[in-house]
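Think of it as A, B, C and D in the order they're written, each chain with its own count starting at 1.
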């Protein structure tokens, strides 16, 4: 019997939009029978910045029990799915800081041959929905990762419309992810798990 | 008195969506007092492919009198604005073929120090709205171009939402550019002309 | 027993540099036991342009018997490896034109779940070695492809130094690919075949 | 008489390679008569990480008197030049964290219409020399910036070979920037200042 696929969902979220996408990713991955770890990355913003934004403060409290991501979560996983709001077309510094701590793993090849995928949220319609994801993929290539995106492999993608990964336009956190965005998040997860499981089995076989 | 700014709008369009954006670009550029050239690039598709698609055939007939772009249109211009539908996140081969004929101009530096900008249309919501433009910008960097995009320099951009250039989602040519897309096209043009005119004056000064 | 892995190597080359990389890719893929198709894309340049460049003319004659790529080569393959010289940070129009003819295959999902990889050559050291490859990957994402690059999965990659795929700096076709570049081409091929074979087996399993 | 052009050079460097490029940028900018601010971004790594690397620790001490970048340095400048080592094809988290603090400036349009340029260093030959710069440019587009790169506007660029900006391959900090890399840094600066000064004059005119 095939071993259970291990999925790490590692995200940053300030006011909770990206977190909702992360939850949809986790739920869909779990529904496939995979073992799932949900991990937030460490906050870099000073407390005063967070306190000045009630939504940010509320979300921080809401997720205080979500464990912080450790490099070992990457080593453990067969499939890694990153999530971040855009910050000017790139992932948030908080997620980048986590990524930048992986040097020792990268040096010994511990990040290679895994499946990687990603999701994002932006304030405006085309303000980083694509660039945030495609620029993040450079990281995966440096790691020797296998990049799996939803493409148009499901009819729902002609509605969600982002072949690079699940995404949502929040209008500055005023609009929560709708069923289309959550569905794209679930598809991104199911597809990454399916390819990751097949690859694991094939490489072991 | 400042010399008139010269603007070349060079585009590819199969069924006319990108052409409508190109017209909005030209009109807005002309309204600034600039001298404007609208140029289509040469078609590469075989006649039978075009005849099999009535919208494509109709658009070809409609624009038969639009002059074809020549490398000299680039030499002439102070500001060059390219338009293309996406083809899988990159510009259409037709536009790329035109770009690839500029070697002699590039070698003698004739493409440098001009202002470049771009617009696009896609079938799905995030299927190349950003990647088509940002990957095209690499061409401009190779040419020594000055890249000017709308950013969020006008309140309308928080609605149109594409800081990289004007764009439209056509749902496979079923939806014509609306006032938001046409407005973004006009803004892209006005901004490129404004910066191009200032730069020309400053460099001459 | 696992079915033989099918590899399509589809390239454009004007003076032969990229062709030499393509041959190294084919040889390495063949050495793994895979079935390999080498295919050139159709030339778009006019005869007079080719005749004005003796190296281009000679290479065209040298490869006159290499079959031209057909969309069906993509359908057939488990692993597709594209090669192109850069043209200003993007693939050559000739390769793009081939890519743009795949609409019917894309529409029916026939390009998804395959492994894709790529290689390139440029005139100058950093004039498209990375951007040509990463922008081409957008095509693969639209297709629902699985993108596999060499990363730093082999010590030779710390010398060749391009995690996005094999590449070579030709100084305008004056320098043929050396053992480092040919080695990177071979690694790119072996890695794509290894992942492609495992994935095929796992998905069938 | 034209007002003096103000140039902010904002960088991150761990072991000093990128700092040497930053110094060359400052010197060349200063030689044009511009007013120059050199600013490092705040370190995010824990003290123990820095202490474990003698080159990192030495560089930190060496630059302890370089002022830390503040958002106001962006407001002040006509020309902003960012420098960062690559971290997997993207800028270092330290620089990204600084960038991510500019929300208030961005919201009120204070970052638009300035000239932006960049430089980078990488451990391996094609491990981010291009992607680090082109992905950073997305930030500038979101800001409404004018992106100016060296292109091939000087014969030296056919040797340095990076049209996207100055860059250096350090082989993990073992190789200091040579005259080619330092020359490209100087060219990047001179070109950004030239365009920035002309634009400032033209817009004021």
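Rule of thumb we're sticking to: a residue touches a chain if its C-beta (ideal position, glycine included) is under 8 Å from a C-beta of that chain, and two chains touch if they have at least 3 such contacts.
No experiment lies behind these values; they were computed from the predicted model shown.
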Chain separated most widely from chain A, comparing mean CA positions: B
Cα superposition of chain B on its sequence copy chain D - rotation in ° rounded to nearest 5: 180
Pair joined by more contacting C-beta pairs (C-D or A-C): A-C
Chain A and chain C, separation of their C-alpha mean positions in angstrom: 29
Centre distance in Å when chain C and chain D are each reduced to the mean of their C-alpha atoms: 34
Chain B residues counted as touching two or more neighbouring chains: 89, 106, 127-128, 131, 134, 138, 141-143, 152, 163-164
Arrangement of touching chains [line / ring / star / complete / other]: complete
Complex contact set, residues of chain C against chain A: 106, 109, 112-113, 134, 137-138, 141-153, 163-164, 195, 197-203, 205
Residues on chain B engaged by chain A in the complex (per definition of touch): 89, 124-131, 134, 152, 157-158, 160-164, 167, 169
Of chain B, residues touching chain C in the complex: 44, 87-93, 96-97, 99-100, 106, 127-128, 131, 135-136, 138-139, 141-143
